[in-house]
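In the two complexes that follow, subunit A is the common piece, with subunit B as its partner first and subunit C second.
On to the complex of A and B.
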């Protein structure tokens, strides 16, 4: 038993399931990101645009994640807010090669941060600047600036550049999120 | 982050490229999935008119220019269409340049269609044959003879010859005399018409219009002519063309001409019909998808709407010259707005005649597009006269419901026609019947009318004779009366009902009026005791007919009036007239 597991056991959160909400515009790579964390036998070989949402489970550092993979299509974005309340962390996937829609990402992010179920909580937000392998991809620094992330004062946030196809950058990001959720759970005495 | 950080505009400024240097004509750009990967691109025919520049075909993927190639001639229109149903579905881009429609697929030219040549006048043909054989000295004479042919029926070669200085004519003739003489009319505008399905990515046919007013509908696969027609009987130079419907089923092609006409061409027609005549030059035209209304922008800063038959429904005078129009279909809100680009750089959005929104761009737009770009469904692309490429995205949360204020627009402009129903089949059949047997129908009608009047009169008599009661809804009291006896002595029984469930009636007085020469009553004033809620007070009055014998029977109907008053109030709260039956002395 590793130190973390012991600690987790000690804190009584070993069996704790945590919910993370995976949001972002359509085609940003949310389903591909989640697919990376699934066990090899569960991995989908072909990823199609999500309709509505789908629920996926995976483990990271002995924490059982339930990921709500939301569809990013405009007509389904209304669904996101119904899951804000019960989630312990948010993964926001951005297609860094889609320069045209960076404003749309910012608009959705602003709506998210102002939502009553989000604005008063210190809920951690992880950003993936995905598709970093594309040749016209913006750097994660540029994306952070473009989205005005420096203005997020009251929540822990982190951005990592990622390539969901190869898995590059994904583990680093999710480790950060796991850490944050542990702290969050401890502080909020779940 | 505060609420004020959110922009109140419905639009997000996605991109603005001041250095794009694009020069486009009306309808010189389209949005289409030209790579077939679901990532819709902007295809622009960039017109360069300077002597040693070439026009270019440019493709933008998102904000980046991904393809740029030269065009053989100055492009007049860009269209895009799916030539077949083969997977993967990749649309073709068609560019009209001069006489040709050039087809590109995956950014490579792969097909070309040239409009057929036109007949050449015998005289012109003869002149050019003579040029081949005759010597220099005949030249001026021959050129003069060309002048007798109407200028617009000449080939462009002869037209040019006539415009040359006499000393240059010989060289010009030498250069061209051995080449075949052909007359063409260049393509001025183009559109597409869906073939047999209205699905957005189903096969559609290119539709071309030439300067002399010929319309060609082409087979999208091999570019053969499926149908050919002329725009109008009169001289008509197409400037904007729009098509709706399906080629195989029923379609309408509307052509706005430089002469200010709008002509309609339908399936099977060889010649278009004039639908309407605008008073000034038509700048742009769009067709509303649901009701096929024609929206015209004219030079006199007016946006007007016509029914599909051509009658004017409304018009709106704007502050600025209109330069271009676009439809803004919003499926999720089930409405279609009209985007109006205006001089100076404002774009107004209209929901029918009502102004709903505006966006500003740096300068006058020369082409407006709304549709899917990249992964986004609601993108407004503007290319301005100074070459700026501006891209705006409609917010997901935007709605265009008319507020109370905007519906109450300028009253002078509310010359909306009455919402008369269409002439139905029933109506037409009825009018046919009327024409067949008018006399009979008139008589029937008159009979029915008389019967109706009779019924109405009967009902009136009945309600007058019915003395079951009068009431006062506000005071919640009701009075009913009954006359007993045959006369000359009668008994009048009055029932005063308190219909109020909570309050008792107090302090009421009943007063009786009658002609003292006819009737004598036992009481003229009755003080009514308290009537508890929901109960009835019953009063009895004796009435005696005292009229002299001569009058009896002559005034068959006489009446006694009853008033109810409260306290000292002179205003009755209830009044009733009781008709007394005549005294029939013969019975007695």
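On to the complex of A and C.
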């Protein structure tokens, strides 16, 4: 590392880089959520289903996020675990209008929380109850209850209702995440 | 400082940065990829080590590869251009081994459509290496865009990747045809070339479409020389397929390319013209003169290409290549050895007898410096030469034995041994010298397969030389010094001497007795077997158990033995039930030879154990009910056409002979698109004695399909009635149908018939050819307990002995023995020796003494174990 970079780090000018993992079922709006945070010139006009994963970057309050936007398609879900190890936060996107698959979401969430790379770490988990604008959307409280989030004791978590198309509720959630990651980093002397 | 010193030392050792790195350490280091932020410099070094290892042939297990692969995917977060390109390479290398490689699809599509030009081409190539047929449709849109991209690198990458993908998803790639069409107009030479490649690949199954494509492109001149070369190849291929002479526009195009400004194109055109089958001399002259001028080019590549092409066609276009002899002479002393070798071998092919000595001397000066591949070329030239000038055999043979003593690989040695064997077989004068050379060679031969072959040859040819005893020493040396395989072969060879030369028998028995103490099972078994048989002192035993090898086909024997072992019977295994091996006809052998000689680089021995035609049919026939009881298949005839080739219905017949019955297989083809045939069968009018046992009709015969109907006939008890001619009529029910759908218009059809040509069952159908090594011995053996018939005929229609021999062999369906089918030039008398087995198992031996005078006179002597068979043979000739 160059002398200048060291100096910059010391003075706190240089932005901290953190990795977050964006997961959730297919068609829950993960790529759209990430798209919202990107700079205007980088924004994609149409979002297609992600195959595998894609890496996106955005910033929030002097923290540089590298988001691993994973594919939520059934056959790719078991690939998520490859990326658990080195992430500092998890964004879990839920389609709140899809009542039918809420049990699938709960399954996936349980698998995530029991994974050895996740269960012993105090990594913050941010839930987006997405598609709040839909008519038959469940409220964030109902989703939290439906997913049994009250049982998550060892990790900080937060749920916010959102509409990724307009951006409503997204910034609020990410600000919470930023805060949590800062604390997490300080505690872990990262 | 210390590391600097170390580096310097390493450099002096001539070792590179990566020598000594280990797979496990590198895979450990892959963990660095997971660090945030990514350290590009370090990661690039690790990526390079992985790629180095993979390219050194290191194999990663699936889990190792998957782990490394997923670690690598994290490097996508870095924006470092070099690192990203290393990642692409890594993805391509690991795509075959790692699981779930599909995960990088989105990342790669993002890169290939992104702004960074440096990423785009490489991303496309990586993307196509991880994509399978099901995923291809998802990226189709991007591929189409990339093909017509303005950036030539991107366009080329997309085109080449599509070409690779045709292997797994031809249909999807076919949809890119419009984009490829657009790309062919590109200004970039590579894009144009690749676009042409894709277009051709898409259309290659449709001859008409290829024709159109070539016709269109030959009119517009292509900028890219590579594309022009490809077009020439396509045009040449079309010309080749167009059998009726040269198709003028395409040929004119190729000829016009001889005046192209690019040398590559000129060479390609010349190469295409000289390799075309039917070219006239004037057409050829222009092409040859182009090659000739290349021979004097300062560029070594051009000289090499030209002389290589001349070498290839030296035999087929002898006169034309001779014109270049002056230029080739100059190339003999070329500093490039490959060029010199090819020049000399070409001259050997075209030269006259007088120049052989001089050229051989010239080759000898540098033969040790050229690679094995070219040595093989030299050997092949010598083989051709020895067949052309038999009198020069001593020079050539000495040269070959010298080459044999040099270092060289198996293929090289094998080709030399082959050549010597060919010379021995072709030229009796050279036999003793050749055998002596081979004996010397096996004294120090590291190739087991070759040693075994030569020992077999010694066993076959050695006993019939003037002084057989001198070979025994060489063979017994093998028993003492070699590995078990060679020892076993040596014992078989010795037994041949014992069986053929009575005065050596005693010594051989002593030697074999010694071998019975060998440590290897097979060697001991053989020694015991042979010494037992030899101790009976019975020549007829020798003949059937030592000199002649069993005549059964090996694959069938294997099958029969397996069946025998599976079924638990108390009966002993009957060797007679195994079908007899088919001796390859002369044409097949020569065709195989020509194939290997025509090619300059021999492409490795990829010979498969060939399953005989009988074997193939036997399997098919067992599927038909009712035929299984007939026993094992004895012989299948050649295909006989029962109709003209361009008629409404095409019927071909194959006659399968079993010991008591004959199965006629009629393959029928319906060429009328508006007819559906049902219940297709052949009605025979069998002659007296024949009985129809069963008819199996073909139920349905749609347009352009081949259906098969069978008739099973019982042979008459009387052998003389078995040669017969039957009238045959094809009978069927016609239903008119729609040519497009193939569905019949009505349910009711009408009966119809079609007269076929007469079907003959002749003697040849009932005889299987058998190859006898020692025909004379078998002949004498049969003299005691068999019938002999003799008859004299005059074959007025034959004007030469060759013609007569060919006709007799074909008519009788017997195998010529002891190379008696080759007639020495200038002779007016000849003795033809033939051998075979009649259905049911009676041996037949035939001696035909031929004399040429105003037509051919033939004295035919037939010996057979069955009296009627002998009479049948003599009766049917004439």
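Convention: the second predicted complex is superposed on the first by the 175 of 190 C-alpha atoms of A that agree within 3 Å, B and C clash if a C-alpha of one lies under 4 Å from a C-alpha of the other, contacts with A are read in each partner's own complex, and residues count from 1 in each chain.
Just so it is clear, contacts are C-beta pairs under 8 Å (C-beta built on N, C-alpha and C of every residue); 3 or more make two chains touch, one makes a residue touch a chain.
For clarity, every value in this text was computed on a predicted model and none was experimentally measured.
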item	value
Subunit B versus subunit C as contact partner of A:101, first or second or both or neither	first
Larger contact residue set on subunit A - subunit B or subunit C	B
Which of subunit B and subunit C A:27 touches, first, second, both or neither	first
Overlapping contact positions on subunit A, where the subunit C interface meets the subunit B interface	none
Footprint of subunit C on subunit A - complex, ascending	17-19, 50-55, 57, 66, 69, 71, 76, 79, 82-83, 85-86
Touching residues on subunit A, where the partner in the complex is subunit B	25-27, 74-75, 77, 98-104, 106-108, 110-111, 113-114, 136, 148, 151-152
Subunit A-touching residues of subunit B, taken from the complex the two chains share	1, 3, 5-6, 12-15, 62-64, 332, 373-379, 391, 393, 395-397
Interface residues, subunit C side, partner subunit A - complex	34-37, 70, 73-74, 76-77, 100, 102-107, 109-110, 135, 138
